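Below is one structure, written out as structure tokens, with a few remarks after it.
All chains are identified by letter, namely A, B, C and D, in their written order; residue positions are counted from 1 within each chain.
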Amino acid sequence: MLDETAKGVFTIAVTPFLPDGGIDWDSVDRMVDFYIAQGATGLTILGMMGEAGKLTAEESIPVVKRVTARSTVPIVVGVSAPGFAAMKTLSDAAMDLGAAGVMVAPPGSLKTDDQILTYYHNTAETLGDAPFVLQDFPLVTNVVIPTKVILQVVADCPTCVMLKHEDWPGLEKISALRKASDAGARRISILCGNGGLYLLEEMLRGADGAMTGFAYPEMMAQVIAAYTAGDTDHARDIFDAYMPMVRYEAQPGLGLAIRKYTLAQRGVIAHDTLRKPGGGLSAATKAEVDALAVRQADKLRSFGF
Amino acid sequence: MLDETAKGVFTIAVTPFLPDGGIDWDSVDRMVDFYIAQGATGLTILGMMGEAGKLTAEESIPVVKRVTARSTVPIVVGVSAPGFAAMKTLSDAAMDLGAAGVMVAPPGSLKTDDQILTYYHNTAETLGDAPFVLQDFPLVTNVVIPTKVILQVVADCPTCVMLKHEDWPGLEKISALRKASDAGARRISILCGNGGLYLLEEMLRGADGAMTGFAYPEMMAQVIAAYTAGDTDHARDIFDAYMPMVRYEAQPGLGLAIRKYTLAQRGVIAHDTLRKPGGGLSAATKAEVDALAVRQADKLRSFGF
Amino acid sequence: MLDETAKGVFTIAVTPFLPDGGIDWDSVDRMVDFYIAQGATGLTILGMMGEAGKLTAEESIPVVKRVTARSTVPIVVGVSAPGFAAMKTLSDAAMDLGAAGVMVAPPGSLKTDDQILTYYHNTAETLGDAPFVLQDFPLVTNVVIPTKVILQVVADCPTCVMLKHEDWPGLEKISALRKASDAGARRISILCGNGGLYLLEEMLRGADGAMTGFAYPEMMAQVIAAYTAGDTDHARDIFDAYMPMVRYEAQPGLGLAIRKYTLAQRGVIAHDTLRKPGGGLSAATKAEVDALAVRQADKLRSFGF
Amino acid sequence: MLDETAKGVFTIAVTPFLPDGGIDWDSVDRMVDFYIAQGATGLTILGMMGEAGKLTAEESIPVVKRVTARSTVPIVVGVSAPGFAAMKTLSDAAMDLGAAGVMVAPPGSLKTDDQILTYYHNTAETLGDAPFVLQDFPLVTNVVIPTKVILQVVADCPTCVMLKHEDWPGLEKISALRKASDAGARRISILCGNGGLYLLEEMLRGADGAMTGFAYPEMMAQVIAAYTAGDTDHARDIFDAYMPMVRYEAQPGLGLAIRKYTLAQRGVIAHDTLRKPGGGLSAATKAEVDALAVRQADKLRSFGF
């Protein structure tokens, strides 16, 4: 079961599709193995970047089943839904299938502090014993969650064990949360998103790791390992080497197609297919990704990787 | 099957719940009978005001089954979904169960004319032969659909047979669409929402009727009947008599609770329960509804109703 | 000076323009006289419906000067601005010219409770001694202000003396604010907007009157007078007689053109011109307004008005 | 006068303030000299990052006067305003004072293709002969401008001579615009924003340079120079060396404080003051900027800079 001590890299998994839009189960298996081999300490499936919204309810369960059966690391399942009934159905099924916890992003209709707080009270009640991750991603959800609301959720809901942090800018929020736990608030795990673009600074501020799906997940593992070992300079060298690609993949909307293209190029998934609506990459974009990949490999080689 | 000639009142049905949140099947039956008795020429289920988003996929199908089995008028099923796979699953099931057509509102992520057009191209392809209603409700969807985009959808997608019109203000849009069909564009059915607050003017502009769920659906039937019979003055008298209540029920968010309260008071549904998140009415609100209902009844009596 | 005891009707004044877009000073004078003759206990100028955003800084001051010089009732001046420097410049000038107070709506960039609170702290500091009205109009500003934030502003900022209430739905907010003042919070004036569409219920909840610009301001004065005199039934009769027009004028965006058309028809302003961007009315819209005006006059006559 | 051939680096200038919020004229002069010395081929003042919204109308003119008097390169003045009257007042004054052109971002109320097009038609008419830059920055304006709308503005408005491009993702848009001009559309200048985070790829797609305010403007000048000279590898080396800082400064909202801090550290402006609302940097943030600056200097030294 997921708890407040979770750290490292929880890779946000893609959902591999066949060219006809069906789920590519072989690629699912290969992807799970790959992520773990690259240092994932957990996996998050059916998130936004897992194209969860494009799956039917009937399709989601088998994905959870396949991944939990294959994985040797804990699985977090995205269960955000327009209503609590659908959220509960998926969460219960996921936990039964061996998921370690679930993740919930707020719906865009929430406007005030109290509305957000009430929503997570209801969420916690709906989910019962399942540990949950509060996803804080205003760029996509349009819901700005103040630090004090997060702290109130943490105080009120013992099953809230992790923050998926991707507010932007969000470094001060990490510092404020850590300061609050130093002062007695329950300390939950903070894993950071945003494609890894601020990973080094996030660790400096007190994050426990990353929860993001950059197509070279070894970057996150290596940066965190070096940082944790006290070698911040080495962590920065690795971080900087990947940064041009991290930045390029961080383009909203387009980023998932770039990520799947790279994962396909790396042989992890068989096809870079996105379900509709969601297009492919232009030749110019592919050329730019390819050029970045070549330089990145060169730079890493120069470090002895 | 729903087609461009549909007119009259397609009542937006609520979904009746038991106090524990379960679906109240007896009330479903009673409600269907009531709406038809009050003059509905069709029913629309699983719309926004049917709390569709709060049902699981597994719950939606039985609702469709129960209503289509009971109804003697055509049924439109709301199938808006975050992804096309879920939309197709529900639409196929609904049509198999005897629905006359389906309704699709655009997701809030659509920003430009071409994005909206492409979305409805994909929708039409996804739905196959099922006739569909384009729901145009910017106040809730945050998607503003220009008249020319609607006309392009009509031109490109023969299965788009109806507009659920609730742009606000939207009277000029009705005029523009009718002018376009006078000039040769395919003429689709236009049924109007907004709780009926502009029904008289909508008819004057060329609408074919109403698709809305005001708790006194006889108002829409009577106004349309009088207007269609050429007695606009009588239509206005009825319209004005109900207007204080129409206006009160039109309060966004709160309106559904008011509607369910009234339907329960009228004995149509057993409970005014909304699924979470969605609260009940304060005593002050109930008193205001009650006062409006008394005056409304008095005024109608003075007309000889 | 505006204070917490303000009540009655503060009419939201239009800004009359000549056909070439220049300010029509003769109409300004006539309008001031008309509003007062129809029962205004105050006037609010340079609000959203006063097309304040379309005036230059150089044009705003003379408008304030002309109106304050002419008026025998207190003047509130809208001073909302992208920055505090511009807000201060206009507020200082307005107060020097004899305005009774100023009004400030929040900028759309505010997202959280604390951001809103801080904004009004800064506003109060910026405005100095000038009494100010907090404008709460989420439909247009996109800023949802919780009751507890309003109460905190009232507690922290003694110069906040009035709420322009036009949250929608917003009746429960009035009740909550009055309950809080019954329990010891400072009681500020609450004048309501929304074109008057909920005026009767707003009074029932504890509002002190209206601050809105419906083109028949006598409606608000008469409804409030009857209600205050204890004759709620008569208040409802008047309210209901005007409601079809109130509702029609309440169409967002279009409403101002309808209002100016009516004011021009009534001989109050010489032209129904809106400054660009802002178009005129179609023939169909004018016909609808005219039909409503005829029925409204008939109904009022039947009451002996 | 600004025209379609503009290229290179138009630096987005900050507005230097004294600690008390007054304009720091000495720093204005020093800043102009600095930007030009670092390779600016133009300057853009009173943009979003110039805190234009926080200045009064009376303050804006002297800023234009001071900068145009001092500068040896063309000046573009941001004239975005809530209404056309204020836009015209500032634009006319700026052009009289020797500005080369003006820049206009769309107001957030624009929703459809035609609304955007009409807005720029009105803008062009309002501005008269003044050449103008269309600012395309959806992250901040919330207005998504499709490529075809930009092309229509270019076709309809001869005075639209430049696109400030900062759609995100936006590389395909540059390609589409260049493809259109290859096919006969008027070719306007495209200068890119987004803090320079995609500068290399923007040049590859056909941009003419950068219009952004990164606190090391020499980066943009050097990257563009190397790229233009055909040495893409060298351009990438420089680009990558600055990227960690570019990324850090790109944090929305916070970025301007970081930029001013850096400019103050570099001795360009005397104070890193932002006008209210707009706070300073935490010690942690300053330490992160400092660490990035040290590494950046080391890396540049290793290239022989």
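Please note the rule applied: contacts are C-beta pairs under 8 Å (C-beta built on N, C-alpha and C of every residue); 3 or more make two chains touch, one makes a residue touch a chain.
Computed from a predicted model, the values in this text were never measured in an experiment.
Undergrad: Between A-D and B-D, which chain pair is linked by more C-beta pairs in contact?
TA: When the contacts at A-D and B-D are counted, A-D has more.
Undergrad: Could you work out which chain's C-alpha centre is the most distant one from the centre of subunit B?
TA: It is D whose centre lies farthest from that of subunit B.
Undergrad: Tell me the angle, as a multiple of 5 degrees, of the rotation that maps subunit A onto subunit B over the C-alpha atoms.
TA: The rotation relating subunit A to subunit B comes to 180 degrees.
Undergrad: Using mean CA coordinates as chain centres, what's the gap between subunit A and subunit B in Å?
TA: Here the centre of subunit B sits 39 Å away from the centre of subunit A.
Undergrad: Counting in whole Å, what is the centre-to-centre distance of subunit B and subunit D, each centre being its mean C-alpha position?
TA: Each chain's C-alpha centroid was found; their separation is 47 Å.
Undergrad: Where the CA atoms of subunit A average out and where those of subunit D average out, how many Å apart are those spots?
TA: 33
Undergrad: Enumerate the residues of subunit A that touch no fewer than two other chains.
TA: Residues of subunit A touching two or more partner chains: there are none.
Undergrad: Would you pull the subunit C residues touching subunit B in the complex into a rising list?
TA: 168-169, 171-172, 175, 197-198, 201, 204-205, 236, 239-240, 243-244, 247-248, 251-254, 282, 284-285, 288, 295
Undergrad: In their complex, what parts of subunit B are in touch with subunit D?
TA: These residues of subunit B touch subunit D: 111-114, 138, 144, 146, 148.
Undergrad: Which residues of subunit B touch subunit A once you look at their complex with the stated criterion?
TA: Where subunit B meets subunit A, its residues are 21, 51, 53-59, 82-86, 89, 108, 118-119, 122, 275-277.
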